[in-house]
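Look at the two complexes coming up: subunit A is in both, with subunit B in one and subunit C in the other.
Right after this comes the complex of A and B.
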């Protein structure tokens, strides 16, 4: 049996775990290449869709290889027609695992950040 | 940003609101109350009032401008993510001011502030222009409030909603300014006319209060209506109200607001009539009481604005996970049982009768006490019955929204985790018959049972996170990460849905709505779509086929031909396993979905759930609402039957499950 006290502690710990996610505003909606996906061919562009419109001046994407070297062209833009979409050109990528780190500011001024990875396989 | 920083931002926003609302209130007061009432001839008492109002205006303007700069610095830090010294560089500040929506609204407000300063400067010097200056003051200070609405949470909404909600926000701010901002000016007016014998004549203070009440009623109505619209959009529901910081702040603000209304009513109905009493002494007592009351109302008003500032920098409840504080929640699932439905219906009628008796009691003079008491008791009795019948056990995470959205990825990942962590007790088939099941005091849950789908995602998430109440299932919070636990919830729902799909409804029984795991597919015209986004207007036929190229082409042609005849509305999507040698050529002709996750997730719905080769030659039919309606063999001889089924699915939509369970994946 779980003691009431330890149950409380679990609940408390859980509360702390979720607090971070709860303070976010513009969430990642979906991405291309998709979060955690494996691609047969390297993509030329990375696109991330968010749940809110973004401020282009303070929204960035950084793609790094396993050695931590940046492999994006550092030309991130917010799509003119769809201000929830952020995209950036990628250098030609050899097979491997790539980490995508994003930090965005939504139009109601709140900053959020996150990471995900994708694989390029032979 | 950490909580203390949010707190500081909130306070700055609150103080800024105090400044701008006060300025707007002073101009509104001048135009609607002071100007029509007070004689134009100068007098020492009116000069005193004028001097104080001007001082208060300057004070409000300076407060507004100082906090505006403080807020800008704060935003530069939070937007750039840099340490304060680096963030306050001209480069970053320039970026904030010139390249963001916040910056545009900030510059507009600063422009209005400069014009307001010119107006205040002119007001003391050109007495003849005062009316024009006051009118311009209302317009300019009102414009700063409208500009403020552009940086509220409303700014983050979709274009259509945004226009409406920015307007709602502006109405809210204008209402608050017209009421709370005019309180101190009213106080100064009462103070100024008090000892001045010349103006005591026709109860000038009483008339001012009456005019102020009319202004107050208009403002409070605007505040209440806009607050309701705000709550619906940003709090969302009961869970958001009680389970999030935003909701709690809304409750605090509402309580303080009711306090303000209490003061206003007391001032209006208790003190104001007494300002017209014949005896000078009684009038004096009333005027002093009223002034005290106004000061307290003002303090409460400032508190409300500080809470409002905190709300502005707190994520809205609808974007947060609500931590449900009660051990029960209301669910309409039980209403499906006829006995419960009837009992609730009877209780409802009883409660209505109780309310009528209570109202009758209030209206009747003779039996007020007896009827009132009986009415309240009857109402309470009949209201408590459905509350008991419809309340079900709830957990802190009961109202959490799943972040994983029931996609093939989350289901596939969840399946992996299930195999590693859950089969020992729940069994490889999830029927609660794992090797350790026999040694447990309470048998593990059969996850294929239909009632599982009546539980909200948040309940399942709680049991996985913290264990079950009886202590038999241990907590997995320390074993599986948060995302993994949500993926397990998705897997359990998929597994449960697969069991349901395998047992077709009996005669007379309604077909059940089973949510299909979401996936993306690419079509030859270059478009990429997801199953649920945007919602399809046709049935999606997800076809896994092992046919050789030519035969496949023939069969697909039949599907497409049928579609073109506009009788059968379906989007054929080829589901491919990764590494399919035909993939490249098929992509040019058909919409294609291919990933390991797609195969792993949809294999669950076949007789060989762990072997994706069992998908060969299967077709899944998913309707416009995202419900998985059918799985059958995709073979040439059965094309007619397939088309008939697609037609039937198109013709009949299914209602979502009523249990508040697995309704939508986003």
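Right after this comes the complex of A and C.
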């Protein structure tokens, strides 16, 4: 006869097994250009990697200049081979500071968002 | 039957109340607020702490105590939640035999008042209740009466500071205020006082630094650390002083006491772990240092399609599933 405490531990371990298929909130893992970086030349594409696979229909990136004008091509995509990667092409960028705003939904429908900036030097 | 319809209508109304978008465990814009240990969290959530082990600082009599606590938080709607908690206590009075048993069962009904994403600011109202006679009253001195504690909890991230102060942006502060209203004036000849409780947690999120301010190369677990200091205080509002200034009843005066708890949290995708030292201060406290460790699970991430959802009202965009 299993003691009540043992039953509880088994049940808790079982919960862990069932939960292995779960996803979670998608946190930013790393980005290119890197968060807060200064670049000598403008990038043609912005790429952000997340900790979870993403739902393409609800995942966006907006890049704006200091005046608040969008400078991305509005063609954001989730990478077909790596569903944790979101990327978007950028218009030609003059020197300045740019703000990146991302909003993503992981495949289990958890939504997260964030911002960061990068600089392009003269 | 009429009462049933009223209840159903009330439940339906709750599900359509205005709701901040759901992130469950503590998101406000860019900010992720971890579950702190001493200071109550300012957000409703589907989370579980199992266990929280506390080595209580020895009291003025030199008594030793270790607590093993369990709590579970469940969202009823996306912005109404409830927390259940209890603990098992090992008490070692100085010079006496050890005593063990259950502590007082507690509940906390919570309402997410607001979440301001641009300013990483959130507030919550709550009603905490300790249920008398649910723990070992005589042997461990647990409550023999119900205590109601209305409370306000808040959290504020510093991400809206100007870029010239960018290194301060990872800071966040959470806090809470509450007043205890015991339903009995005395228990075993000791006064049950109205207490004013306050707590604050000051956090510096390396996750926020790495992912929202500056990639400083913190990879792996280092990028998920949150050093913090928590400070709690309790102050008796009444029934503590006789006319001659001496303390009455249970010896609690009108001074303030509490703990200062420096520590660290590591928050992953599905769970977090935390450890803190407990440094007591004030007239009630002994002179030893205690400690606390906790494993905390994000049920909304572990069980996103079932237990991790509010009972009423799905929080995520359903279309994403279609």
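Assume the second predicted complex is superposed on the first by the 98 of 122 C-alpha atoms of A that agree within 3 Å, B and C clash if a C-alpha of one lies under 4 Å from a C-alpha of the other, contacts with A are read in each partner's own complex, and residues count from 1 in each chain.
We take it that a contact is a pair of C-beta atoms (placed from the backbone, for glycine too) under 8 Å apart; a residue touches a chain by one contact, two chains touch by 3 or more.
These figures come from a predicted structure and were not determined experimentally.
In the superposition on chain A, A:111 makes contact with both subunit B and subunit C.
With both structures placed on the common chain, the touch criterion links A:53 to subunit B but leaves subunit C unconnected. Of the two partner chains placed by the overlay, only subunit B lies in contact with A:38; subunit C stays clear of it. Contacts of A:103 after superposition on the shared chain: subunit B is touched, whereas subunit C is not. Common to the subunit B and subunit C interfaces on subunit A are residues 15, 18, 22-25, 27, 30, 34-37, 52, 55, 57-58, 105, 108-111, 113. Taken in their complex, subunit B has these residues touching subunit A: 1, 6, 75, 78-81, 95-96, 99-102, 151-156, 244, 315, 319-321, 323, 396-397, 400, 403, 409, 465-467, 471, 474-475, 477, 482, 520, 528, 530, 578, 595-596.
Across the complex, subunit B is touched by residues 1-2, 7, 10-11, 13-15, 17-18, 21-27, 30, 32, 34-38, 40, 52-53, 55-58, 103, 105-111, 113 of subunit A. Against subunit A, the residues of subunit C that register as touching in their complex are 21-25, 27, 29-30, 32, 50, 117, 163, 166, 207, 210-215, 269-270, 298, 300-305, 316-321. By the touch criterion stated above, subunit A contacts subunit C in their complex at residues 12, 15-16, 18-19, 22-25, 27-28, 30-31, 34-37, 51-52, 55, 57-58, 105, 108-117.
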